[in-house]
Every structure is written in C-alpha cells, then in structure tokens.
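Common to both upcoming complexes is chain A, partnered first by chain B, then by chain C.
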Partner chain A sequence: MSELPTLHLSRIAKSFGSGPVLQDVNLSLQSGERRGLIGPNGAGKTTLINIITGGLAPDSGDVFFQGQRITGLSPYRRNRIGIGRSFQILSLFGEMTVRENLRNALLRHRGLHVLPWRAAARLAPIEDEVAQAAELVGLGDVLKARVDTLPYGMQRRLDIALVLAQEPALVVLDEPAAGLSGAETRDLIDLLQTRLGDRTLLLVEHDMDVVYSLSDRITVLDYGRVLAEGSPAEISANSDVRRVYLGEDAA
Partner chain B sequence: MSQTLLARTTAADRGPRLSSAKRAETAATVLLLALLIVAPTFVSRSTVNDLGQAVCLGLFAISFNLLFKYSGLLSFGHAAFFGFAAYAEALLLQSWPGLPLPLLVVGTVLSTAILGLLLGQVCVRRSGAYFSMTTLTIGAFFYAVAFKWQGVTGGTDGLDSFMPQNLLLLPRWSLDNPGTAQTYWLILAILIPAALAAWALLEWTPWGNAVVAVRSNEKRAAFLGYDTHGVKLANFVLSAALAGVAGALWAIDNGFVSTDSVDLSFSTTVIIVALLGGSGWFWGPMVGAVIYIAVSDRLSALTPHWQIFLGLAFVGIVLFAPRGLAGLVQSIWQRVLTRRGRQNV
Partner chain C sequence: MTHAFASLLVAGALDTLTFWSLSFMIAAGLTVVFGMLGFLNAAHTAFYMLAGYAAYAIVRHTGSFWLALALAPVIVALIGVAVERLLFTRLYRASHASQLLLTIGLAYIIAEGAKIIWGDSAFTVAPPPILAGRFSLLGATLPIYHLFIISVALVLLCVISVLLVGTRLGMVVRAAAVYPEMVGALGFKVRTIYTLVFAVGLFLAACAGVVMAPLAGVYPGMADDALVQSFIIVVAGGLGSLPGAFIVAGLLGVVQGFGSVFFSSYAIFFPFIVLGGVLLVRPHGLFGGRAA
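For the complex of A and B:
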C-alpha cells in the first residue's frame, strides 16, 4: 500500500452568511479504507463533500488527493484524476435512457467523449462496458428505459453505477440509502460490499445499518467540527457521540 | 454500413418504432436537401432570388438552433455574428479585390469563429435569462457599431458593389448575375456541406453526445469529468462560425451589405424562423426559413401591415404546434404509421 493517504483534508474551514459551517476539519483516508461520515443535520457533511469533490472552495485549509493538492481544482478535473461522487438529491440524465446515462459516464472515462468523427472500432467496446456496468447494479434488463420513468430505487442504483463505471480511486457517496425501503437498503449494502473492491470510500449516511456494515472507521461531525473518530465499535461506545447523535436517534 | 455502432445502438435504445423515426429523419433530410437543389429548375426567376435568401436565412437559423436545441441557450443577439461576417467579407474584398472566393469565405468564417470564441467566453458563463441578456447586449452593440462607424461600414448606406472577382476554379458565370440559379447553386455548394458537417457532428458523434449530456444535466456532467464550460464554448464557436457561413453567403447572394444584417430585429426574426420550422429537428429552421420567406413575400404584396399577420401566425404556431411545422408533420406522419400498423395487425 502506498504511504500517501488517498484523501487528506488539512484544517478545512468554511463559513456561509449565517456563520461557520466547518471549522478546523482534518481528515485522512488511507488507500482502500472505507470511512463513514456521520453527524446530525446541519453538521456540515454535505458541505465537506462539496469541498472534497470540487463544488465548493474552502475559506481556508487544503484538500490533498494522493499527495496532490487539489484545493482549487474544478469538479471535472477532480473527476478525471479519480474522484467519483453520487448525490443526496438524485442528479441523473433524466430524459435519457439507462444506456445513454452509462454511455455518458463511460465515453468520458475512456476519453472518447469529444471525438468529433466516427470511430466505430473504438466505440464498440464501450457498448459492452455499458451493458456490464448496468448488469453490475442489476439494471441489465432496463437499459432501454427512460431514467425518469424508473422506480426510485433503480434510479439510486444507476446513480451508483455511474460512479463505479468510471473506476474512481475515491468513491464519495452522499446518503445513497436516502429514500430506500428496508429491502432496497440491504440490496444496496450487498451491492457496495461486492462491487467496491479496493476503492477508497467516503460514505455520508444517516442509516446506521449502512454505515456500520460498510465502514472500517467512522468520523463524527458536529457543528462543523470533528467530534470523534474511530472504529465502529469505538464510535458506538463513545458517550459524546451517543449524546449528540446516536442518542437523538434512539430517543 | 456507414452508420457507426454508436449511432445504431442509440437508435436501438429508443425502441424499434423510434429507430424507424431516426431513419425517417435521415430520409427527410435527404429529401429536403434534394428539393433545395432542384428547386430552381421549376420556379420563376424571382423565386430563385427568394430561395437564395431563404437558404442563407435557414443556415443562420440552424446556427441559432445549434445553441438553442443542443445547449439549451437562447441567443437574442445572433445577428451580431451573421452581420459581422457579411461586413467582414465586404471589407476583406475591399482590401483585396483579387482574393479567391474560397479563401474569402474561409477567412470570413474563421474571423467570425474567433469573434465567437472571444464573446463566448463571456456569454456561456451564464445560462437562462442571463445568457439571453448578454447576447442581446452584444447584438445591440454590433448594430450600433455598424450604424455609427460610417467610415468603415458605410452607416445606413451599407457597403455595395460587392462582387468577388476571383472565383479560382469556379466558372465566371456563376456570380455574374446575383439572384440567378447559378449563384444559388454556388451558395448551396458551400452551404450544404457546412450544414451537413454540423448535422453529422451533433447527431452522430460522441461530441454531439457530450453537448447534449451537458445540456441535460450540467452538474452531473461536470462531476462525470465533462469540461462543461469548454463544451458549451465549443458549441458557441461552432454556432458563430455557421452564422458566419450564412452571413458570408448572404452577402455574396445580395451583392451588398447593410445594417439590416446586424439589426436586433433580425436576431428576433431568426428565433421566429427557427421555432416556425421546428427547433426539435436539426433541419427544422431551414424549413422555417423557406416558409417564412415565401409567406412574408406573399403577405407583403397584399398588405403593408404584413408583419402583424406573420406575428399572429407565429403565435398560433407556438400555441398549437409548439414543435413547429416539422414537428407537426412528424406527429401526423407518426399517426399515419400507427394507424397503418393497427390495420396490419
């Protein structure tokens, strides 16, 4: 394993008009690590994800990916060096088919997306990859379906398929289980457990079953600060965490 | 077997019925272009003159629609590029009367594309109403320059005696009488390849796929690695270049250039033309232009208030056939097909 962490956040701070959202956040993910990021609503989790994936710039602090400082990099450049993300509120190509959605991801991933001429021989393998990517998440039978006509659970799967199809080194998932039924959530856990491989994962999720099932370590954010960090067992035993977060859940 | 695998599977995605729609669309394209080519042989001399204007307006409307349909950007100042090209060509010819025609057109189109690159940097940073307002401002600016900078543009008089002297390999007679079938065919010889290239690019290649992906969901496209600004900018430049081809050919066809070609009202005319023909089909604006010219010609002969009736017709189209005349024909055709399909069952 390489010595450089896949993701390293150094003293990240961010304020919006109403006040600080993130203060002095440090976070390091080793290669292959699966990290859960939890915290009450408004703790700054989505803001942090946006700072990692490029939607937002931090007021201060730096983001490093595999040792490279990427703080000012635009989202598309971060994607190209190996950061893939899903969205809490689904963001798909709604009026396109499942096949077209995956093709968008794969043409870009293979660097064929700006070809201004026909190159059938080079495009043929893409169609096989599209089919495989759909198969992996159980969408092989609905390749031709328009995405916004699909059930919500399938759209969630496609969201993750778009990320995984590009084989990113770092997978950032923002509440992938949001809105899913119990059975769908268990399917999602199975899917991620089998398909993530050795990719590094940063998972924001409210469903603690998902977090405990998938995470090697968990970081707890509260009021924009890191409240605790540790193994799932340590976190579930931590009295501060129980008070501000898990306790609330149980109440 | 000229279709790429990508194109075939894209068609297959939309199911067998819509795949035949894609084939019908290609057939309609061939039919439309064939009609445009043979038209001068069975219409009167004055109609040929109108046709020349119509195809230039049609290409201009196609260039507008490149942004509207494929990037979801509504330009209110597209005549800036059309007019810039027309003036640029006239000025190039003033400076170098012996410039061969192909070089003249290439130089004009290149300079319009460079203008598009410069202005596009500003315009595509915003979308929606902000994009429209920015382009409106640019359109107003170019009109003001053409109107006020009399020493260069000739002001309201415009620039006339416009006649390329050096046709290189082309026969001399092809430009001797502007408005004749020969000039018309010369124009088509440049216009059709240009339009076909843009059509193939946007409808049949991964590049077109990228442009549509960025329009469909810009945020997701960015997080999937698409340089969304670059994609929109490139499409803006292509649109400007195509408007440049239209302006260059229009100036050749007319034999003069005036402020009409950069007028803001011309920027709105092109919107009407595109929506009239149907912005959902690449060639819809070309259909719109032929009909627009034909109808406005007839109407203006009948009444000086012809624009009122044209406006009413446009409102009717927007209300009752929002996909334009091409869309109307397509849905009627579809209905005929399904009815026939039902009878066959």
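For the complex of A and C:
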C-alpha cells in the first residue's frame, strides 16, 4: 500500500476553445509529501486542480488516487474518498456563522446527513469537533461570529479549517495566501506547518515564501507543460525556471 | 359615506393579501430555481395549472377538496422531479435561449395535454362548505375563502423558513445557494439538493394552483396568465431574489387589490406599470445586484 502514490496524474491533456491548456502532464505525490505547484498566470495550475478534484474532466489522461482510477468521479465523491480542497476565490458561507460553516463540513464527514430533518442545533456529537476544528486554526473565540464580518485573514483560516476538519488524505489548496498581509501569510505558513500532520499537500501559490517554506518538492508548469520538478533548492537554481517564471534574464 | 369607504378599504386589503399570497407562492419557485441553478423555467406555471386540473379531477371523483389539497401538490411535485431529472438537468449549463425553447415547448405540451383530457372549457371547483361563507368586517361582507388562501400561504412560508433556518438540510441548501462548488467539495451531492429545491418550488406553485381553483376556476389559459405575472414579479424583484419577489408580489397585490376596487377597467395594466416603474429606478430589479 505504501508504495502507491497518494496522487498520480498520467498524461493529462485539456483544451479549451482557445487552445491547449494542459499537455501531457504527469505528476506523482507520495503519501505525506508536500508539493508546491507554481507557474506564471495562465500556466494551467487551477485547471489542473479542477481536474484533480473533479470539477473538470481531462480530454485525455487519467487521475489516480491511492492507486484507484478516479478520472470520471464527481467532486463530491472525490471528497468522500479523501480529497479536500480550497478555492482560489474564498468560498465560505458568509451569512452563516463560523460554527455553521464548520458544521457543514463535519456534518457530511461524520455521516450525520442521514437525518437531514433533524434540528441543526442538535448536533451534540460533533459540537466538540466543531470547537476543536475552530481552535486548531485560532478561531475558537469567534465561533458565533458571522463569517462575512471577520477580517480576510481569519476567513482564510476558516477556509483551511473546513478542509482539515474532514481529515482528507490529500489537501489541495489553490492560492491560500492570495490577498493576505505579510503577518497573515506568516500565520498561514505556521498554521499549515503545524496542522497538516502527515497529510499529502498539493499547494498552488504565487507567494514564493509560502511555497519554499511548505514544499518538499516543487513542480513548475509553463504553458500547460511540466517545465521542471525538484527540491526547492533545485528549483531556485534552475535557469529555465528563473528565466520563465521568476522573470530573470538568464542570458 | 365614510362607512362605505371603510368597507371598500377592507375589501381592497383582503384582495391585496390574497393576491400577494397566491402570486408569491407561484413566483417563489421560479425565482429560486433561477437564482440557484441559472435555469429559466417557462413551464413553471404549467405545473401550477396542472395542479388546478388535478384538484378538479380529485374533487370530482372523491368530493373532497381537502384530499385534493393534500394530494395534488405532491403529485405535481413528483412529476416535476421526473421532468427535472430527465430533461432540465441537461440544460443547466446551456444558454437561456435553449432553456426557454425546451420549457416553452414543454409548457405547450402540458397545456395541450390538459385540453385533450379536460377540454377547452373552464371548470369551477366548490370550496369546502366550511370555507364557503362570508364574514363581516367594518361593514364589508367578505369571503372566508380569501382568509383561507392567506393562511395556507402563511403556513407554507413559515414551515419552509423554519426548515431552511433550523434544520441540517436547510443549512446545506442555504450554503449551496451561495457556493455550490464548495458544497460539492465538502462532499455533498449538489445535484440532489437542486432537485429538492426544484421540487419545493413546484410544490408551492401547485398549492397555489389548488387553492386558486375554487377562487377563479380552472381553465386552459391559467398557466399563461400566471406566467406573465410571475415573470413580472421575478424580473422586478431582481432575478433570483426571494425577498425581491416577496416585495413585488406585495406591490402587485396592492395595485390589483385596490386598483380593481377603484379603477377596475384599467386593472390589467397595473402589473406592467409596476414593472416599468421598478425598472426605471432599478434596472436590475429591486434586489438584482448582479447582472444576470
């Protein structure tokens, strides 16, 4: 079992009307690995995430999760087998409280949805978990606050709490640091370093501090192809990457 | 003189509330389905009409209006679920033009089907005896049945609000109205939630169809009449906005209720005046922040 990669992408290709977005993308994440996925805007990072989490179907190629082919599965099924994701655009339920948002995540995870007509307030079995999940990301004091009244940094932490609360084997984060201040970004790095545990991480991020701090390995996408793959040190030394992605003239 | 005026006011107020109740029950599902699914269902009021005919058939065979009220909305909602699963889900991501082509076609099929089964003429459905009488208030004698319609609408709205706000399912439905992708990413089957919302919308419209039957009868054109009203409500309220639909249904209720008392020969224009007036001030409708 341990030899099977948590996530394996085989020859993924995807085109939209305007042309190819991804071509022949192969990617393998070992269990517990933390992988950064970087590349210029339009490189196909979010498209790749959507193919992994089920929002988009690839034109060709296959997605394997823990050895199981999941190419045609819908997003909710992929969540149920252990893939959790956040979205580039914060997708929290703003008119609900922090507690209600976490309940939504835990409700499904704990299978309590089978009694959908039961009062939402009587969720005693998961109330402790809700509190714990909030505590874990430092939101224990604002459980009753409406989410859209919270500062952006806190909302982002709640976003991550929703993903982590479901204990996914694979965590896919799409630009979690976008829009955060310097201090909030450092909090985010701390949070992920301490709370991810042995979960496998796929992290798309523009902020290179975040990528270098969190990644064991980094994959660079450019024009829909894998340009380079290696340790953070290898990637930062790679002249192709420096030229294409970091905008430096290597000539 | 003041006495007569007071009784006119009371009569107008009762008409207003009755119209408000009925038109909101019909339009609510239309606007919610559009808001959540981006789906424009021109056959929505055909289901309302179907409920009217179903009520007529049930009353004719069993003599029980109450049985009709209990059964017809459920039957219509189930038919609606079948249609949604078989046809509508295919077009959730299609253009509004395709959606309209399909649903207008479906509306014609339902309307013609009803004519084949029940013919061209209008039917009246007698209200149950206990609701058939009149009551006096401030010098006006008013039909009890109007109060019944208003109560049905109030009860349904309360039940649905409590379910939405207080239950686990309601919590998930509210979440799916905001970010369906996120709800899917949390492991909920969003498609099932959509079907449920669709069914509840049709159930409401079907309830309106049943309670409408003793008030205005059941007739082949009732779907078209209601569709124009509902589109006015949905557009002026802001596409997809339930509070907007509620308020505009109330405005239409006022102009219908009092307009028909004081200027009855022009009453048919009033809804369009409301629509024009609202859109002049707010081009996207009362609560239509987002461009549709």
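Keep this in mind: the second predicted complex is superposed on the first by the 238 of 251 C-alpha atoms of A that agree within 3 Å, B and C clash if a C-alpha of one lies under 4 Å from a C-alpha of the other, contacts with A are read in each partner's own complex, and residues count from 1 in each chain.
Everything below uses one rule, namely that a contact is a pair of C-beta atoms (placed from the backbone, for glycine too) under 8 Å apart; a residue touches a chain by one contact, two chains touch by 3 or more.
Model, not experiment: these values are computed from the prediction.
Asker: Should the pairing of chain B and chain C on chain A count as a clash or a fit in the superposition?
Answerer: Pair status: clash.
Asker: For A:143, using the defined touch cut-off, is the partner it touches chain B, chain C, both, or neither? Pick first, second, both or neither.
Answerer: After superposition on chain A, A:143 lies in contact with chain B alone.
Asker: For A:94, select first, second, both or neither according to whether it touches chain B, chain C, the two together, or no partner.
Answerer: A:94 contacts both chain B and chain C.
Asker: After lining up the shared chain so the two structures overlap, which partner does A:79 touch, if you call chain B first and chain C second: first, second, both or neither?
Answerer: both
Asker: Is A:183 touching anything from chain B or chain C once the two structures are fitted on A? First, second, both or neither.
Answerer: Neither chain B nor chain C is touched by A:183.
Asker: Check the residue A:127 against both partner chains and state whether it touches chain B (first), chain C (second), both, or neither.
Answerer: Touch partner of A:127: chain B, not chain C.
Asker: With the two complexes overlaid, spot the stretch of chain B among 73-81, 91-99 or 325-333 whose C-alpha atoms clash with chain C.
Answerer: Here chain B runs into chain C along 73-81, and the other listed stretches stay clear.
Asker: Which chain A residues are contacted by chain C in one complex and by chain B in the other?
Answerer: Residues common to the chain A contacts of chain C and of chain B are 53-54, 74-76, 79-80, 84-85, 87, 91-96, 100, 103-105, 107-109, 112-113, 115-120, 123, 162, 166, listed in rising order.
Asker: Which residues of chain A touch chain C in their complex?
Answerer: 53-55, 74-76, 79-80, 84-85, 87, 91-96, 100, 103-105, 107-109, 112-113, 115-121, 123, 162, 166
Asker: Which positions of chain B touch chain A when the two form their complex?
Answerer: Per the stated touch rule, the residues are 4-7, 9-10, 12-15, 201, 204-207, 209-210, 213, 216-217, 219-228, 231.
Asker: Can you list the chain C residues touching chain A in their complex?
Answerer: 163, 166-172, 174-175, 178-179, 181-190
Asker: Which chain A residues qualify as touching chain B in the complex?
Answerer: Within the complex, chain A contacts chain B at residues 53-54, 74-76, 79-80, 84-85, 87, 91-97, 99-100, 103-105, 107-109, 112-120, 123-124, 126-127, 143-144, 162, 166.
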